[in-house]
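Both complexes shown next keep subunit A, but they swap its partner, so subunit B is in the first and subunit C is in the second.
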Partner chain A sequence: MKKFMPLALLIVLLVFPIAVQNAYYQHLMILVLMWVVIGSGWNVIAGYTGQVSFGDAAFFGTGAYTAGLLAHHFQISAWWGMAFGGFMAMAVAFPFGWICFRLRGAYFALASLALNEVCRHIATVAEPLTEGMVGILIMPTFLSKLPYYYIALALAVFSVVCVQVVMRSRWGYYFLSIREDQDAAESMGIDSHRYKMVSLNIAAFLTGMAGALFMNYMGFIDPEVVFSLHDISIMAILVGIVGGVGTIYGPVVGAFVMVGVHEFFRTGFFGLFKGLAALTGSDYLIVVAKYVSHAHVLGFGILVVLVILLLPNGIVGDWNKLVGRFFPGNKKETAS
Partner chain B sequence: MKIFEVKNLVKHFGGLAAVDNVSFEVEKGEILGIIGPNGSGKTTIFNCISNYFPVTGGKIYFKGQDITGLKTNKVSKLGIGRTFQVVKPLGRLSVLDNVIAAAFTKVKTKKEAREKALETLEFCGLDHRRDVIAKSLPIGERKRLEITRSMGTSPELLLLDETAAGLNPSELIEIIDLIKKIRDKGITIIIVEHIMKVMMTISDRIHAINFGQTIATGTPREVANNRAVIEAYLGEEYAHS
Partner chain C sequence: MEVFLQTLVAGLLKGGLYGLIGMGMSLIMGVMGIINLAHGQLMMVGMYVTFILFHYLGIDPYLSLFVSMPALFVLGAAIQKYTLNPLMEVDSILPENQVLMTVGIGMVLTEIIRFIFGSDYKSVQTSYSNATFFIGEISFSIALVIAFFMAIGFTLLMAWFLLKTDIGRSIRATAQDKDAALLMGVNSKRITIITFGLGSSLVAAAGTLLIPIYYLFPDIGGPFTRKAFVITILGGLGSTVGAIFGGITLGLAEAFGATYIGMAYDDMIGLIIFIMVLLFLPGGFKRLTKI
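Up next, the complex of A and B:
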């Protein structure tokens, strides 16, 4: 049954926008699909290769700005950014990886965090090129959400398949070996520096494409949005961790959960507080509602703590454990 | 035929000479044992050969080629496999996947790598454990996995770093058999070991070092009766008897 789950999910996703015409839900689904792409990218470098990156926004923003600037300066369709955005993100990833993969573990994570901030500052300061904090505004190509939805879906399917193909190949074994023990990997003839670069570039390419999609879909970007540490980089990590680090479908599940949680907080528990406030006429609840919608980062923090404590391998990685907890009857044997 | 040679190897850690002017050579198909008390620089020699850190001086030749300063993965690709004293299994991977990852050193496709891995697992007597997650193996089998994995890279020279340490007597016999079997395949072996029973039974020649310097070299019997070796291991008063 587990084998047909992805196929069933794909069919549901294909008919979703036809079945649900509501623009808000379609918008959420587009975001989910975009996060599937980013999460898959993060999963390659951090989940499979073990080099935890806090700088996904650098690649995301580069992709978004590539698309935006092409349209802004050269008046060509921002959709070209889908092709170039990935490669521009790789152009950022390459020198970064070349230098910083000499660092291991937490030190690499810190370097990637710095990359994130460096990119954000460049985008803010280089006003002649990027318009700085004014941001880039482009005209949306489509009025309907449907085309965006299917492009996002195609990209999400592409990235999941791409990760799956890579992980079944020689590269996949190399990535896992480097994650498990870099010294052992070297002794097995694996050029760890080179294959960490390969892994990072795959991640950057996928994330860059997601960035270009974001530019096309949202129509407006500024450095604070696309190079955001907590809304992009940390969110990418959360998608990976909640879904399941080092699993193919982890980022898919993670994207659904995290976009859901994000919306849940942003809308003040789906308008619960606002509704209560209106019902009771209490000023106090209006204030609470405002704070709750700003407190999504706090919510993320609590969620991460819970996931790490209860499901260290994420929802997909600990699926059997999760099932066993709720249905103790058909508990399956877990591997680790 | 001389397959491997270390010439005047020197390694300094700050002011400490961990390896001080050590030279030895290995004939194809022989087992060279390196012995010495704790901290005498045995593992450091291995780490210099596979270039985990750069050597301070000296040259290392493999099949006539100067491999000094060559990257660790290049050394392995050339055909020098090694195991680690503190085993380094790829913990969350299955035993089979551990060996497949190593087999990719020499073959390109996954099918070939899988075949090579299965063959190696059978050769090393670990095929009944192939679907087990590596970190759940007991220490004896982890040591065996280390050997299997390095055999997966199809080495011509194998560096074994204390593969017998921590094993029980019956495991010890098995590992000795395995090492002999590897030698019979024509693979040259350099082995570092503390357990004299192992060294005396399998080594063709033994190279004894102390404080990073060579103190004796020769057949196991010669080395065992060498005064400097007895002195290094047991203290000066025993050397006279």
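Up next, the complex of A and C:
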């Protein structure tokens, strides 16, 4: 049963845009698929290798800017960014990792946070190259959302398969051993510095690809969007943690949940308050609706706190615990 | 030459305040072994406490130290007790979930403040906010000079507290070896709570001292968290004396960077220093001075 779940999910995703013609839901699904890619990348470096990165936006933004700048300066298709974006992100990740993996644990986390900020600064200040805060605008290639959807789906499938292949290879076991005990891993002859680098570069590559996709799909980027700490880096962490740290399908679940939550706040509980306000004619509720739609960062913050306290291994990682809590009798059945 | 001296003075004075910010983080770092990524946000809350007292009650920022510091002590202690300590028992794959937790707390603090006060800039204008005096051709901001000496005072007080009192000794013992301290009868859980409270009240003091010459908005926390982090790395992890030197170094570097390179590179200078320290002096100033 469990074996066919991914296949079933894939089939559902393949027929989804044909079954649901609504552009809004298609847009949400494209975002979900993009977050699957970013979440998978984060999961490789943080979930499997144990080096929590707060700077995914640096790689995401690099990928997005690669695509955007190629189109902007050389008048070639921004889709070339899909080919180069991942490698450009690796070019950022390589020197960064080389220096910062001298640090262990939390220091790497902070260094990546700083990398995030520096990339945003550079993108803002280097106006001749990046147009600064004006941002980069390109013409979208397709009018329909269908091509974007299938490209995003292909990328998401690629990233999930890629993570799966890597984690079943020798590298995967190296990553896990570094996460569990770096000293022990080193004493077994694993070059922890080198394999952390490998892991970081895989993560950067996937995230950069997602960034290039974002550029092509959205058609507009500026430093505040693609190098955003809250909307990209923290979101990537949440996708990873909510779904399940160190699980293949965790980011998939996490992406669905987090895009849903994000949208939930952005639309003011899917227009619940606005509807209520219209129904009762109360001005107070309109104000509440306005506040709620601005509160998605607060919602994220509270979610971080709650998830870490109650569900530290995510929905996939703590699935048996979750099931056990809600259906105490069923525990045995789900375990088999 | 005048520009040089003026920059030097400005950097030194600012560095004293930075030292105070870094000291709180260093203390928390030493005892709990985690980086507190909500540090700047705690400072922001302390600044808003001062702002409320000044704006509604007309209390001078320096007097409101007596309110903002205890208030932030309570807030910090509560954060440690109810969110960070329970995490020690939660079993998780990621070792850094306490750090992640502080990120979440920082976000919640920022957004709650934004909810209450909105995103616009606030400032506390006192009679001495813009007052200066001159020695030769060099101007000294009075508020910054007061802040500098207060920061030195707090550092000395802190050093006395850590070296001479019982609780201070317990804090140092926990920082050196948690298990051994536990065996010697130190209630390490209580110590972590006190430490987080102390760290928060120190950074609140820095915020309160800074506010007469600075402005205030909810997102001010993030940059200061990063500064505190650079200071801690510079000074050596967990070293309180090192934090002061780290703070002064960062203050000087920022001042000279702003004068000779450009204002826009403020944050980048911090990162460049950070990378330089990692490359050439891993372990920070602690390694040079051995304290």
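Please note the rule applied: the second predicted complex is superposed on the first by the 331 of 336 C-alpha atoms of A that agree within 3 Å, B and C clash if a C-alpha of one lies under 4 Å from a C-alpha of the other, contacts with A are read in each partner's own complex, and residues count from 1 in each chain.
Please note the rule applied: a residue touches a chain if its C-beta (ideal position, glycine included) is under 8 Å from a C-beta of that chain, and two chains touch if they have at least 3 such contacts.
Computed from a predicted structure; not experimentally measured.
*Asks:* Should A:Ile76 be classified as contacting the first partner (subunit B), the second (subunit C), both, or neither?
*Replies:* Once the two structures are laid over each other on A, A:Ile76 reaches no partner at all.
*Asks:* Which of the two partners, first being subunit B and second being subunit C, lies in contact with A:Asp191: first, second, both, or neither?
*Replies:* The answer is first: A:Asp191 touches subunit B but not subunit C.
*Asks:* Applying the touch criterion given at the start, work out whether A:Val15 contacts subunit B, subunit C, both or neither, answering first, second, both or neither.
*Replies:* Touch status of A:Val15: no partner.
*Asks:* Regarding the shared-chain residue A:Val161, is it in contact with subunit B (first), subunit C (second), both, or neither?
*Replies:* Touch partners of A:Val161: none, neither subunit B nor subunit C.
*Asks:* Kindly classify A:Met5 by the partners it touches after superposition: subunit B alone (first), subunit C alone (second), both, or neither?
*Replies:* Neither subunit B nor subunit C is touched by A:Met5.
*Asks:* Once the shared chain is lined up, is A:Leu146 touching subunit B (first), subunit C (second), both, or neither of them?
*Replies:* Touch status of A:Leu146: no partner.
*Asks:* For A:Pro312, decide between first (touching subunit B), second (touching subunit C), both and neither.
*Replies:* second
*Asks:* Could you say whether A:Ala126 touches subunit B, subunit C, both of them, or neither, answering first, second, both or neither?
*Replies:* In the superposition, A:Ala126 contacts neither subunit B nor subunit C.
*Asks:* Which partner reaches more residues of subunit A, subunit B or subunit C?
*Replies:* After superposing on chain A, more of subunit A is contacted by C.
*Asks:* Please work out whether A:Phe300 is in contact with subunit B alone, subunit C alone, both, or neither, and reply first, second, both or neither.
*Replies:* second
*Asks:* Could you please specify the touching residues of subunit A with respect to subunit C in the complex?
*Replies:* 46-47, 50, 52, 54, 99-100, 102-103, 105-107, 109-111, 113-115, 117-118, 121-122, 125, 179, 229-230, 234, 237, 241, 245-246, 291, 295, 297-298, 300-305, 308-309, 312-313, 317
*Asks:* So in the complex, which bits of subunit C are touching subunit A?
*Replies:* Those residues of subunit C that touch subunit A are 34-35, 37, 83, 86-87, 90-97, 99-101, 103-108, 110-112, 114-115, 222, 226, 229-230, 233, 264-265, 267-268, 270-271, 274-275, 278-279, 282.
*Asks:* Note which residues of subunit B are touching subunit A in the complex, please.
*Replies:* Touch list, subunit B to subunit A: 50, 52, 71-73, 76-77, 81-82, 84, 88-93, 97, 100-102, 104-105, 108, 110, 113, 133, 135-136, 149-150, 152-153.
*Asks:* So in the complex, which bits of subunit A are touching subunit B?
*Replies:* 168-170, 173-174, 176-177, 180-181, 183-192, 335-336
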